[in-house]
């Protein structure tokens, strides 16, 4: 394993990890007990006689198939894309290697790609997140999948290699979540890498690595950053957090929200979602901000803007979502009142200085999974959730609807890159064209029985718009920009729009 | 066991049951495995040498004590009452037999009664709800407690009898939840019953049984109905349901609320709570009502008032909270769309006609604890939660804060009845005096750092009020009246209704 | 004029006065200039040759008719009652004397009574509030109306007398707003009074006077208190104030609500309406309360409960709605910051100690109608609205929809009293039967296209309800009780309060 | 007058016009009667002996001064800028010609520029909007102002010319609102134009004209587009409309919002503001959209997305805010129910096809200023507000706070352009640097008593940000882009930030 490009597990980012927390990890007991033999040591054959896969137990395929079918019900946008596009098979000839969490929802994506004409080989981007029964169902249906729950680090790279390194089959598209697969191909199979038509990357981390490659002049393939699409960002941040802040707090602490005094650090999209939900349920919410524009928005939305040290003594809950580090310090923690709940909704685990609590005079008491009481010498307890890691990653689930948006975006990005005429995309990292973003949104509207109005010819002309969109300029972006995207700006250069599929 | 007055388990009501769902039932694995010997067959002695109790395992006392201490943190109103009143010992001489769920929160109540001077003997009102380690801690501290998790029906009555039937100790106060203890004393120990100074009853069912006794002229003891206090009702219904509807739906289905079309049947306090929360999180909510006043309120609050059959085909969720029966019929269920979630927030399990779904052409699939997919021949799935039983009983928890309100009310009612001068209370069922209700509320205000304004002498005179309250007349009541409380109706002067024009 | 029973103008209450503020007073210029001759000195004849009326100018009838027609559009419930009941003429034989504000909305009521069979004679309850053109239209259509805008005190009583004192016509029903007509009849025409079948009284003041008569044993006629009906109260207080607080503030000050710090004194129905609206528009709202139950509700609804002197220095607005006196004192006013807006939404003008501001060191500057800047020696300005009188009386309008509810209730109360069988009502003051209250609500549901669900026979039986209602017991009441309604208190069984522990 | 570049009055845009509607136009009677002599024919001298101005009546100066002082109270950000920067006089040497609405708020801006060192000559951008007493006060204090209410077209250009065409004084900065002044200088005084250091333009129309000049290669001066700053846009659209939709509807129709069925056409920032406010006050709101991303946001925010023709028959109100034309057609109007209110919140008067209502079979009845009943042959009335022009322009006021944001932005833009080092700005149109936008926001935070958090050095480094901002990249923009700004994109080219003043 080439250590040089291994990303430490703890750096894996929120959006990437969000797929990891699936139903059964959180609240259900394991469905059956697996045997302990490593899958690498077993020989398994699916019902069609193929053994070009490596999963925990091919016999779980039927159970996994039911899980996939249930997921399909909540991913109607992807199914609808599958139906619309399968006649023309826009991915005919595409040979896709993929590296993502392997869950029922991903399986719906993979099987959509197959329905559109692609051949797929797949591996897991995380050693814990694979749903074994789903992997089995994929293997049974003919996808070459190499993944199981509880891989070792060595297993991890072995699986990636088995995806890429095949006699007589050469990948021409990469779908990645975190960048490990991309870098493996880049380093180990440079000749394959050069012939790849496009890379679709889902995670902040992976996008960051692609930009680094690009800056170093080594990115010889066009890549699509789907992490920063408007639709995905709004759902991952504003709408999803609006619900998961409540869910995460309830599942861990059973706290009543009504009348609670809460400070939310940071009023970007995540903070806006948290504040809106907590206020709606009767909490009294104030906000800290560094940015005067966000601070003014907080004021106008009815939240008092304060400094943390002014209010920390009165608070019942302290929630961070700044993207920054050491926002809650030991000094703040020392001043909190008994029973104060502290948690983080931001995308790294740096916001609360948890390390500062590992001192001899404080006692840690694990009262529940993901819930620690940190006890001061005078008996004061501070309730720390998920040890300062992202709360909704650790303590709530992600609705299939959100995963559907991500998966649909990935599928469209693959179609676009695979079908783009020569020259549309150069060897660079691209944001999702606005028209594709709008198309993803439109595929999800039927879930809400929403009826879109169409422009008349006269109206389109008056507005200077194409009747089919895009309706927003490419620079239209979500509200608060993450660290990484500050540097992205230079890459916004193209004016071509997505127009094949729609 | 005198079968004649046994209440079937399935009739036990919401408020009574709400204490039943404690942390460990819902989300935590059992903490250790108990041995299988029946407690009745064991001889156990606490550290002071007493064996006047019967619990699962006295050795769990230390663990139970920690649970009690944690509960105390969230029940500061009760602790504050304990501190304020323990000097004067208002319950000195009181001999209280109690029959409630035995949880950490109840333990805080019992130990408060003891601190105020009472002697207590206690048993469980439900065969499943006892926290064994808490019972052990109570036994260790000297309370004669007879209860364990998983009693048989025979055990249940044996425990009750052991509480009451003691040499040289005669109960003079009863604290009951459901009426089983009261009726046991009434039937089996009529001479004890006659000398009881007062009964405090917590549940709808128990209150109903008391009114029946009273009507039959057989209630020779004043009784206090604490179920219908304003504070308790507002919390049990409006505020608690506002949170638990979200919690119950998330824990069972992980559904995203944003954009979902929901119909809430019934716009009483429970319905108001559900509607408010769902609307706040972006659901599109409509309401059904039979009562034009509630319907007009729904309109003014921004909810379209519809008939169920007009909208059922488009809904993503159907939630009942009418208190009525067969509100959702098989016909409605047949017309629901694929994936529709159906659940009940009302206080009995009659609202959804679940029995009608037990027909051969429908397949039931249990996908998770408390979650069934009912599958129609064409593949349509309706997602039924908790088999139509109260959702927040089955699928969410009750915050300690709500339990604190109940327990404080019970303690005050005991003090009032025990200390009331001759003649204040006759042999009847009383509602909680408004002043006590206000006092319970005031004890909980410090939790919110709320500062009450005091009337000046001049202002009190102007308003015709006592400076210390009560501030509301006794007829002030919560919004929607349950079936039972219709009995108070007779106290209102006239009973003729308007009937000519309509 | 028998001075003894004249109510000083300043005591006239909110609900009574609310009809006073009609469109043209507030924002429209006078439509034409009236001549200055007193109507009492003119002889006017309508087109049918009658001169049994006294209005400003019968020639304005056509213009008034149009105003009435426009009002009819917003009062569809009353029109619908008119249509439903005019076949059976439930008021045939009724001779109604009425004393209310005379506006287009009242005219719709009067003409409804006529359509139902009544003969009506009418006068104004306020010397300023008559819409002259509407009075003319009524006179033209044959109603004997005696009222004009700008009556003298002497005119006022002359008009009342002209209504009652007629050859060959003796009133048998009274519809009053404020009690002046009732007392005139009681004092001057005792023989008429004794034969009256019923009195319908609309205002707090009038109801209070009726209770006094009743207590003194002098009320020989059944009276209906329509002021305290649930429907009317909810609309007059919660729903109407939710809108009029915003409207009143905007029209007077053009203030932006977003981010403003506001304290609302009192969390009854009026306070709840104000808080809800201001919070929704982005204000940061806190609350003062004397009643712990209301205070706890404020907490759970997300409002910090404070004492006024703790926060007054930071506030941008101070709004009173307590029903109490001297809630905002000179001391508070001295501590307000520059630009603070102070106003009253409660039902009397006692809440802000305006008199304390009439001192030499303070300068008053009238900057707009209803808006005074009170200027401190250091230049600080406090913005006082409507000199502390009810803001929505003075500075906003009342929607016809609310007036429709009041008028429909009055009409139904008249029908009920006129048709009630012997013995149903004794010589006492009655609250509106719940069924009538529900009927008023149901007549207004079509405005919202609301579809009420009907109980099945089985459901009605299960609930112990009649299928047509009433659905609520008679003791069901609105949230916060006004001073007057404390008198009902005696009807509740016990009067002893809890007082030991507190 | 060179007709070629005269903008027809009806094209003047929303933002420009918003200043026009000031208090006295809307709700106050004229304060005194002016004489009829044209100001151009009078000779007036101020108290210092100067007559270099032309206003209605210099004697009104004292009254105007008070109006300015009151405005200052609400524009504390501008006053604070005045105080911070007046020591260094950053506009020393600047000779500013300005053409804006002349109101008390503008006067605060002008006097701020003077305090910072500028010499100012000023004229009105609209023939009706001048507050004569304010113009008098400015003239009295030494500003050469040429403006009065009710100018003729000829007066308008004469005043502009008098500003520019002065012996011995040559403008070097232009502050414009609509572009008329800019074009007058450009056409008539090209040699002056070439030496101007910068133009600050406030309106959409003016910005559009500048881009046209720039495209034609004729813009020889750097220009700053302050219309599109984030802070201004958020306030002009989202926050301001959230309040003015309610205000405009109430002042014109006194409608009750609770329970009303409303369709809002367009879910950009304006639509979001309208929907949020109406929903909060109990209306039942649905939305039409052409853009799937906005439509999905509407869904997630809880608004049903529909086509107008599907719902128009049931609606109580129809509100347009699309920026498009003929969104509400005659066909829609024909299908509306009796009493439906129709109005426009979008920035042009094209959205409702009002012309289609000017047909013989329909009767128009003006029932109030800005309110027409359009009556169909069957008696159906549709209530049309402001004849389809922008509702909040015509029927409500703009809070001084919003005007303060605009004025502060204009002042900062002038300072920046005047002080920018050679080469920072080329001959092009620039968006406001993000740092300046943030600075405007920060100057307004004290109004809300908001306390901004500062980054520590360590945190700034971690985030890759300067401690003093900017915190957002330059491409950060408001949500919905107007037509014009679609074309602007190409002009975003610079990376220099504002750094002198802060």
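When the chains are written out, they are named A, B, C and D in that same order, and each has its own residue count from 1.
FYI, a contact is a pair of C-beta atoms (placed from the backbone, for glycine too) under 8 Å apart; a residue touches a chain by one contact, two chains touch by 3 or more.
Source: prediction; values computed, not measured.
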Chain of greatest Cα-centre distance to chain C: A
Chain pair showing more contacts of the two, A-B and B-C: B-C
Chain A and chain C, separation of their C-alpha mean positions in angstrom: 58
Where chain B and chain C are represented by their mean Cα positions, the distance between them in whole Å: 40
Contacts with 2+ other chains: residues of chain C: 239, 258-259, 261, 281-282, 299-300, 304, 448-450
Interfacial residue positions of chain B with respect to chain C in the complex: 81, 84-85, 90, 230-231, 234-235, 239, 288-300, 304-308, 310, 323-327, 350, 412, 415-416, 419-420, 424, 430, 433-439, 441-442, 444-445, 448-456, 458-459, 462-464, 468-477, 479-481, 483, 485-486, 488-489, 491-494, 496-502
In the complex, chain B residues that touch chain A: 23, 27-28, 70, 73-74, 239-240, 242-243, 246-247, 250-251, 254-259, 261, 277, 280-282, 314, 338-339, 367-369, 381, 396-402, 447-450
Contact set on chain A toward chain C in their complex: 258-259, 261, 279, 281-284, 299-304
